[in-house]
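The next part holds the structures, each set out as structure tokens.
Paired with subunit B in one complex and with subunit C in the other, subunit A is shared by the two complexes that follow.
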Partner chain A sequence: MKTALRAGAIAIYGAVFGFPLYWVITMAFKPKVEENPPGITVWYPHAPTLKNFKDVLGISDPGASIFAQQDFSALTPLKNSFLAAGGGTLLALVVGVFAAYGIARFRAGGSQLPFQILQLRMFPPAAVVIPLYFMFVYLHLWNTLEGLIIIYGAVTFPFVVWLMRSFFQDVPREISEAAIVDGCTQWGAFFKAVLPMVKGGLAATALFVFILNWSDYLIVLVMTQDKWTTAPLFLSTMSGGAGGQEYAHQAALAVLLILPPAILGLSIQKYLVRGLTFGAIKR
Partner chain B sequence: MSSITLKSLTKQFGTLKAVDSLDIEVPHGSFTALLGPSGCGKTTTMNMISGLERPTAGEVFFDERPMSKVPIGDRNVGFVFQNYAIFTHMSVYENLAFGLKSQRRRARVDKSEIDARVKEVAHTVGLAAALDRPAARLSVNDLQKVALGRSMIMRPTIFLLDEPFSNLDSAFRAYMRAELKRIQHEVGQTMVYVTHDQVEAMGMADRIAVMNQGELQQYGSPDDLYERPANTFVARFIGSVLNNFLPARYADGALHLGEGTVEVGDRSVYERRDGGAGLTATIRPERVRVVEAGSSEATISGQVTLVEPLGPKDVVHLEHQGTAVRVVVPPDSRPAIGSALGLYFDPAQVHVFDDATGLAVR
Partner chain C sequence: MSSEPLAPNTGPARKRRAGVSRSDKIGAVFVLPGQLLMTFIVLFPAIVAIYIGFTEWTPINGTTFWSAYKNWHWFSGYTEAFTSREFWDATWRTVLITVVCTVAEGILGFALAMLLVKDFKGRGLVMVYFLLPMMVVPAVSGFIFQMLFQVDGPINGLLSFIVPGDVKLQWLSDPSLAIWGVMIADIWQWTPLMFLIFLSGLVALPEDQMNAARILGAGFFPQFTRLIIPMMRPILLIAVIIRAMEVFKLFDPVYVMTQGGPGTATQNLSIYFYRLTNVSGRWGYACAVALLVLIALSIVAKQAIKPIERAQNESMEELMAAGADEAPAERIEDAIDAEARA
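What follows is the complex of A and B.
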């Protein structure tokens, strides 16, 4: 009885969260006629096609379809997404990892600094994005890749500091001291001894920050126009010649957007688990 | 080889004096223990010798050379940390080779030399079969060996060991104590060893510096500390069975301990003092002789309250006029609880301390 109830609850839970995913993935393979026919619900693609993906990736033959007059190629937005999210993640990691080590190991900036850094995240982005818009226009950073990278880096930097700080705190200070006694410099000890020990935590942090930047909509909406539009924003603007929503093409792009974080997550899965459970020493 | 000299070495953390004006000379090739309860400043002292901590005042000398301007990596010390500080992302081999690989360009060691030295050290500490294993998979006992091996690879002239055996199980600890002593003889270098375990210090060290609250209490051989403690702290801290402390008073050429009296050798040290009270007499439980209750030989007598069998010996706890007295006896003569025993104190074994200063009356 109890197991039956539990199984039922899990099934309902799975359906509620699984169905949207199912709908997006199946929608991505539906031909135009099955996309949103009036009065009928198409539960699965009857004539599955890769055309939506080809259109979105800009590799379809323009003459092959009567709908091809509309350009659905998301290649540029996808490239922008990679550059902005990747660049922002890299910036946040480089600055944040050093800051976190300084705070964890040397108490840099005093006891209040970590909290002050976290406070940067206490404002909802919507509250600061308009002033940021004016600042960036003034600085000629509006609608530039550098501008996007700087904002993404700044917005996710506090997460890097907080996550990495706790990982560094788990590494005993004797690890770096041992390396220094063995002839390393402070930097050498950091790169050769300490950093390799937190690579699991670093991988988890990188993934987390990348997902945040990759899925941003609000910042890119305000801070860019056309040229540096990223994929999530482009997705919302996809519409047909008559102004109707292009559900199948949007779904195809959405599926493509899921892939990079998923692949990244799977490839570092080994480190993710170890990052959370691995202690540096035995006591 | 190197000797170590500490001259009025002081370390202050805020308002706390962790180490207070310490003067110690560690001769060439000796095995010296820094002994004291936790928080007494022994690890801080060690860190100042290695260079991990900068002294607030005073100076560390290796031979005659002041060390304050010498960076840690150039001091040529081998350090074993309490938690071993093993690089768990590396194999045993890489851990041992780390120091050699981290040398600056001009002092770079070539690969075949590294390989030979790693194998030599692995053999010395007993890790030759485990070189390829990831350090993360080692037992605590093997981690200890890696830590020891890593401290030896640079062929340091000074070894610093910070409570290296405190995480080991007791059987392996006894084994490693003997091992370390053997290695010390083999390499013949100066070793400084921090511990809070007086058995460890007494068993291994040539010389022991007893510290408490940042101050040196006594520095001498294990026999000095055991036979001639300088103050009540040392008298209490040294010895596997807790020492006996009896309130005493001097009058008419003798010490009065409760009902009993003990003749004193040198009356003059007592006669210089005002009055004769405010003294504490100590005698090691191993040095008390049990005699028949009421016999003329007995210095004092007491009621047995507890018997602790320890295998080769028993510790008998007695009460004498509200003061606990412990006696070590062979296990064949185990007395009944509540029975009365006479205790004979050999005057030569009785040490007297001044209650006001805690120092030995000599």
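What follows is the complex of A and C.
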């Protein structure tokens, strides 16, 4: 009885929380006529098709622009997303991992530095990008890949510091001390003794940061225009000829956008809680 | 300074003397790139924002930002903010969204975690299923709910099955409904986060204490209020802080769904900033408002970070022991007493 109740409650939860995903996935396979017919709700694709994916990726007709006000298929923004998110992740990692080690091992910057760093993540990016916009226009970094990478790196850097600090704290001091006794320099001890011990945490942090950057919408909205548009922004600006809806095409791109974070996220399930709480809850 | 003998590892006093300046230098080298990046991304923009905040500058008429002084107006932007109806509306709307979403996500997430805490066949898979919404790009979740909330869309369709008649709610174009539409989207996406954090706490609850309480006759409710909640308190606090911090910044799904509209019905602070600059072109005023909000937030942030920082140095068990201020035995006794009284 109790088990049945529990199972029932889980099923209801599952149905409610699963429905939005069910809808977007099935929408991606719906032909144009089933997309959003007035007055009727089409609950599942009656004639499923792959056309939406082919259109979105420019496979059906590479030269043509099928969406109003767009010169290219979603392939370019998807590529931009990968480049910007990947570059930003690399920058945040390189800078953040060193800082995290400096703070965890040497208490560099005093006790206030970690606070200041995390504080950056509490500020609404919508406020922070306003002055950044001037600066980037002035430095000719606006609407460039380098510009995007720098901002992505800076925005996710606090995250890397806090998460990696929690991993470095788990490494006993004796490890690096022993390496130094064995003739390593501080740098050598860091690279040869400490870093290999946090391999798992480092990989998880990298994937986390990639997902964060991949998910950005606001920064790219303010800091770029067509050429460096990333996929989430492209998705929201897709529209048909006379302002017609493009739900099925958008849904196809939405599915493509959900896939990488879903796969990466589930592959780091073990570190998910730790990552999402800035290393506060270690499990 | 003291005349204590130099015993090994006698705390901070020894550390401060022995070769610390050298390790300080090494530490400084490690954090240097990070500090440079922070300076680049914070210092310069901050100076520019303070400067522009004293002006009524706009790029629309073609003036560059360094000649903004031509439109200098001292604190007018700041005084305008304090008396601006739109600004305060956006602020309270942001607070409302933050409170409603955080509380709803917390309750729903906790309930789901309680349902899934006991192991059963296929639990791992069920967990993955419930985590999926969290992995969706926020802007994409905005698009999904934009589809769902259409007048002819599936949410009205589903409601028509439950409620008699044809439901035709204008979810996103009715000002009183739109804010709920936006909050529902956030609750859908982030309840999984609360669920995940709480579940990790619930499975770490000391089993012997729970068993002892059960065997000694404490029912579910006293166990819940006297044992589970006190021990989970630090974890609840951290989850709420982290979630509230994120909802406060909410932008992407709202912008995709309603762009802050209809009118200003879903305009929170983030949307307000965006509209001030990219729609109204009031960059000077936007800088003043942004600075006000950032100053207020940095005071809040300082307090909010403390529990997170403290928790970083503790294991799950220490965290839970710190949450409940009584000893385990007293807690169990409490739970049994409560049961006896009921």
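Keep in mind that, in the parts below, the second predicted complex is superposed on the first by the 247 of 283 C-alpha atoms of A that agree within 3 Å, B and C clash if a C-alpha of one lies under 4 Å from a C-alpha of the other, contacts with A are read in each partner's own complex, and residues count from 1 in each chain.
Definition applied: a contact is a pair of C-beta atoms (placed from the backbone, for glycine too) under 8 Å apart; a residue touches a chain by one contact, two chains touch by 3 or more.
Treat the numbers as computed from the prediction; the structure is a model and nothing was measured.
Judged by the touch definition given at the top, the superposed model places A:V94 against subunit C, while subunit B stays out of reach. More residues of subunit A lie in contact with C than with the other chain of the pair subunit B and subunit C. Once chain A of one complex is fitted onto chain A of the other, the partner contacts of A:S166 are limited to subunit C, with no touch recorded for subunit B.
Shared-chain residue A:K192: touches subunit B; no touch with subunit C. Shared-chain residue A:E174: touches subunit B; no touch with subunit C.
In the superposition on chain A, no contact is made by A:F53 with either subunit B or subunit C. Judged by the touch definition given at the top, the superposed model places A:Y152 against neither subunit B nor subunit C. In the superposed pair of complexes, A:A9 makes contact with subunit C only, with no contact to subunit B.
Counting contacts as defined above, subunit A residues 278, 280-283 meet subunit B in one complex and subunit C in the other.
Contact residues of subunit B toward subunit A in the complex are 50, 52, 72-73, 77-79, 81-90, 98-99, 102-104, 136, 140, 143, 150, 154, 167.
In the complex of the two chains, the subunit A residues touching subunit B come out as 172, 174-175, 177-185, 188, 192-193, 196-197, 199, 278, 280-283.
Within the complex formed with subunit A, the subunit C residues making contact are 23-24, 26-31, 33-35, 37-38, 40-42, 44-46, 48-49, 52, 65, 112, 115-116, 118, 126, 128-145, 147-148, 150, 152-154, 157-158, 188, 191-193, 196-197, 200-201, 204, 235, 238-239, 242, 245, 248-249, 251-252, 255-256, 269-271, 273-274, 277-278, 283, 286-287, 290, 293-294, 297-298, 300-302, 304-305, 307-309, 311-313, 315-316, 319.
Within the complex, the subunit A residues that touch subunit C are 6, 9-10, 13-14, 17-21, 23-24, 27, 36-41, 43, 91, 94-96, 98-99, 101-103, 105-109, 113-128, 130-135, 138, 150-151, 153-154, 157, 161-162, 165-166, 169, 186, 211, 214-215, 217-218, 221-222, 232-233, 235-236, 247, 250-251, 254, 257-258, 261-262, 265-266, 269, 272-273, 276-283.
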